[in-house]
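Okay, so chain A shows up in both of these, paired with chain B first and chain C after.
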Partner chain A sequence: MLYRKYEVAQTLPEALSLLSSHNGAVVRPVAGGTDLILQLHERILSADVLVDISRVPELRGIRLENGQLVIGAATTYTEISRSDLVLKNAFVLAEASKKIGAVQIQNMATLGGNIGNASPAADAIPGLYALQADVVVCGPNAERRIPITEFHQGYRKIDLNPGELIKEIRFAIPAEGTGTAFYKYALRKSQAISVVDAAVCVQLSDGVIKHATVALGAVAPTIIRSPAAESVLIGEPPSEDLFDRAAEAACQDARPIDDIRGSAAFRKYLVGVCTSHAVRSACERAA
Partner chain B sequence: MKLRGIGVGSMMYGLGYGFARPDFSTTDIELAPDGTVTIWNGASELGQGLQTLLCQLVAEELGIPYEDTFIITADTGRTPDAGPVSASRSTYVQGNSALKACRDLKKPMAELAGELLKTDPDQLIFKKGLVQDQNEPSRSISFTNLAGGMHQRGRRVRGSGYHSITTGDVDKETSQGDAYATYAWASQLAEVEVDTETGQVTVLRLASATDAGKAINPKMVEGQIEGGAVQGLGFALMEDMKIEQGEFKNAKLSTYLIPTAADVPMVEPLIVEVYDPTGPYGAKGVAEPATIPTAPTIFNAIANALGQRVRFTPATPEKMLKLLGKLEEKEEQITIEDMPYPEP
Partner chain C sequence: MDENNLIKMELTVNGEAVSMIVKGGRRLLDFLRDDLHLTGTKEGCGEGECGSCTVHLDGQSVLACLTPMERAIGCSVLTIEGVGSPTNLHPVQAALLDEGGVQCGMCTPGMVMSALDLLERNPDPTIEEIIEGISGNLCRCTGYKKIIYGIQQAAQELQAASPAGTVKESVE
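Our next item is the complex of A and B:
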């Protein structure tokens, strides 16, 4: 048995109470289940009770609120990639959402699930690092708002207490003149886990990069920002030479390992490929 | 930089097991009083269309509608040994045994028809639901009525066919000889694009000409040709068994990658029909012949694009980047040139 009991929450208070009402039992929230069910099957995780939060209205949908984009944790990738608000304000997330698995997975998997699973190869999270997003978690008594860079504490380690749920993602709408991009390198064209990926936001002002964030996936225990690449970019006009230098700088910040998808040396090389492609696309979209 | 190249690959393939290895099949068929026929054959339907094919052959040989045939395969309690489904032998060996089973059943059927029609059983043909004197077409009986008559009179209504293509062995000293019952030929043509920055090889289009002898079911042969190309593409570019200390490190479909629909180019299947007198209605196997030329075709196309030969499979991006000098080569690749050739 993967689990003993499956409960479906209809509201956020109900979900929170279901999560803490089974004394001594292992209770896990489930939305799309695209990571969780596999991990239960492979006995990486165990669960006595699953609480289905995929229908909770407070956890769903995409909205603008005081200059911030808010994405509910149980929003699916298909919803994200088709959202006008995302396409207009955070294209990087729509681009990444279309690269996750394939359509069937995109229809089921949720942004909150990707954050909770905390894989260093997660495709949606580099975009959130580049957008400098915050994760809002809620518990029985209070909400907490944590920058995503701090929410992910280490390899598959997150800042979430028992009884708490990831509620939503929030980030400031990027300023005028910002372009964003995601570039994924995988070993086939779909249904593939990233070998390396990169997400970039650049803001152009008078032909010069005023602000830049570069995030890298699958090259460290968590998604990381590349301060070296960012500082190369800021204050410079976009050029092929600049993209090359940013790529080189990003390689310095990457700390990849050898695994089944590629050697550390291969990944280090790909950091450059992914960074230069993503920076180039972001600059083109900013202009 | 993205470089394109075109490559051709060809192969010759010995069908079946050859080299004096046992290679046979038995098929049983039974005639019901309503004129339907049930076929028993021990081979497995793997999705390749064996059941469809055997029913088609039997329907054609008995001159009855395909819908009047039923088939039971791979049931060890009921089906006779047909040998494995491998070596591209199903159509060629199991198909032939099905035809022989039909001919065995036709003997008592023709005898009774000869009695009823007062004609020579040897002159009777089975065609379009009729059993008919080929010299005097007005002398005929429907297959269904004849089937009923067979049962009413207690005649033999079961036929069995055994077919063997077991060959002689080659000369032990010289390895010379005709090792196989028959041979198949195939050629493929592909255009690839090599991205020298990412190391990724994309097959843009591929045409595959495969000698089917005679395509019993052209749509299924096209499916085999397309599927063979996809499997060959996986062999050339993706399928990478990682074994450490005898343990598979990537024995999952999430880590042992095969092509997805998104990785497969337009495949143009070209059926070549060179009648094979030893095959059922001239047919022979197409399964492996449609797979074997793909990797050499792709590798020739890569060589055409780069001016540099790939001497390893699969040509994964990481290995391609090493070949292109973008990544340092750590482990020594054993290439074909390094392997000692036997003295002539």
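Our next item is the complex of A and C:
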């Protein structure tokens, strides 16, 4: 048995009360289950009770609200990659969603699950760093709103208390003239964990980069921004030479490790490759 | 909470209503194979990588090895047993045989379920789109080309049979 009891929440208040109503038991929320069921099956984790949050309406869907794009935590990658709002305003998230697992995983897995699982190679999170998104967390008594860069505190460590749920992601709609892009290097095209990836957001104004964010995945204990690459880009017109310099700068900010997917040296090299590809695509889309 | 964790599984499987009391806390894959004896759905890796456990849950392809069984309560599940029959194969199944896209057969049920999901959304896929559609399904035998051609052939046949409409799954 993977768990003793399965409860399906119909509303957010119900989900929160189910999470805290089992004294002494290990209770975990489950959205797509693509990380959690596997971890239970392989006995990496255990659980007494699973609270199914995949159908909670308050956690689902994508909407515009006061100039912000809001994505519910239990929204699937299939829904994100087909959303007109995302395609128009945050292409980087649609691009990343299409690169996660394959069709079946995209049908099941959710954005909130990627954030909750907090892998340093999580593919949806670099885009959220680049878009300077906030995570909205809700508990039995209150809601909190935390910048995603602070929400991920360390290796698989997030700012979430027992009994709390990730409710949604929010970010300001990027300004006119903004282009975004995600570039992932993995050992295969599908069903493969990123060796390195990069997400970029650039805003062009009169042919010059006015604003740039560069985020890197799988090169540090958490996703990171690359301030060095960002400062190289800002104030310059896009050119191949500039993309090379941004790539070099990004390598300085990366602190990769050796593992089965690649050595630290290979990863440093890939940071450059991923950064220059993502910056180039973002500039093309901004123009 | 029942000590034996007995639960009532009430759902539709391959068009038929199912209602039974079984042990909970397992994967949809275990319920289908061990309780319903629908062994067409295979366990290859048990970790989401190979796609041989692909079924449709309310019309979307999912992996039965990562789906908690209780999630299917009240839903409609389609497995390979609900697609065509030995004497009346679904065009996708017939085309896979025709093109030599079946060798040991381990991956075939999952491949067919992924192909149906693809053709349902995109009745006239390009080769690239077929490759993307089955990229979550591994095959150790065929080298994929014959599977890809089979799906392409099936798409053409289905298009010719219902040029304007979408592909309908034939549920037994």
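Note that the second predicted complex is superposed on the first by the 287 of 287 C-alpha atoms of A that agree within 3 Å, B and C clash if a C-alpha of one lies under 4 Å from a C-alpha of the other, contacts with A are read in each partner's own complex, and residues count from 1 in each chain.
FYI, a contact is a pair of C-beta atoms (placed from the backbone, for glycine too) under 8 Å apart; a residue touches a chain by one contact, two chains touch by 3 or more.
Values in this document were obtained by computation on a predicted structure and should not be read as measured data.
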| item | value |
| --- | --- |
| Which of chain B and chain C A:266 touches, first, second, both or neither | first |
| Chain B versus chain C as contact partner of A:102, first or second or both or neither | both |
| Touching partner for A:37 - first (chain B), second (chain C), both, neither | second |
| Partner chain(s) touched by A:155 [first = chain B, second = chain C, both, neither] | neither |
| Partner chain in contact with A:52 - chain B first, chain C second, else both or neither | second |
| Touched partner set for A:190, first chain B, second chain C, both or neither | both |
| In the superposition, chain B vs chain C on chain A residues touched | C |
| Chain B/chain C common contact set on chain A | 102, 189-191 |
| Contacting residues of chain A [partner chain C, same complex] | 1-6, 8, 30, 32-34, 37-38, 41-42, 50, 52, 54, 78, 101-105, 107-108, 189-191 |
| Residues on chain B engaged by chain A in the complex (per definition of touch) | 197-198, 238, 242, 249-250, 254-255, 257, 259-263, 316-318, 321, 326-328, 330 |
| Chain C residues touching chain A - in the complex, by the definition given at the top | 1, 5, 7, 23-27, 46-49, 51, 54, 60-63, 65-68, 70-71, 73, 114, 117-118, 132-133, 135-137 |
| Chain B-facing residues of chain A, complex | 102, 185, 187-193, 260-263, 265-266, 269-270, 273 |
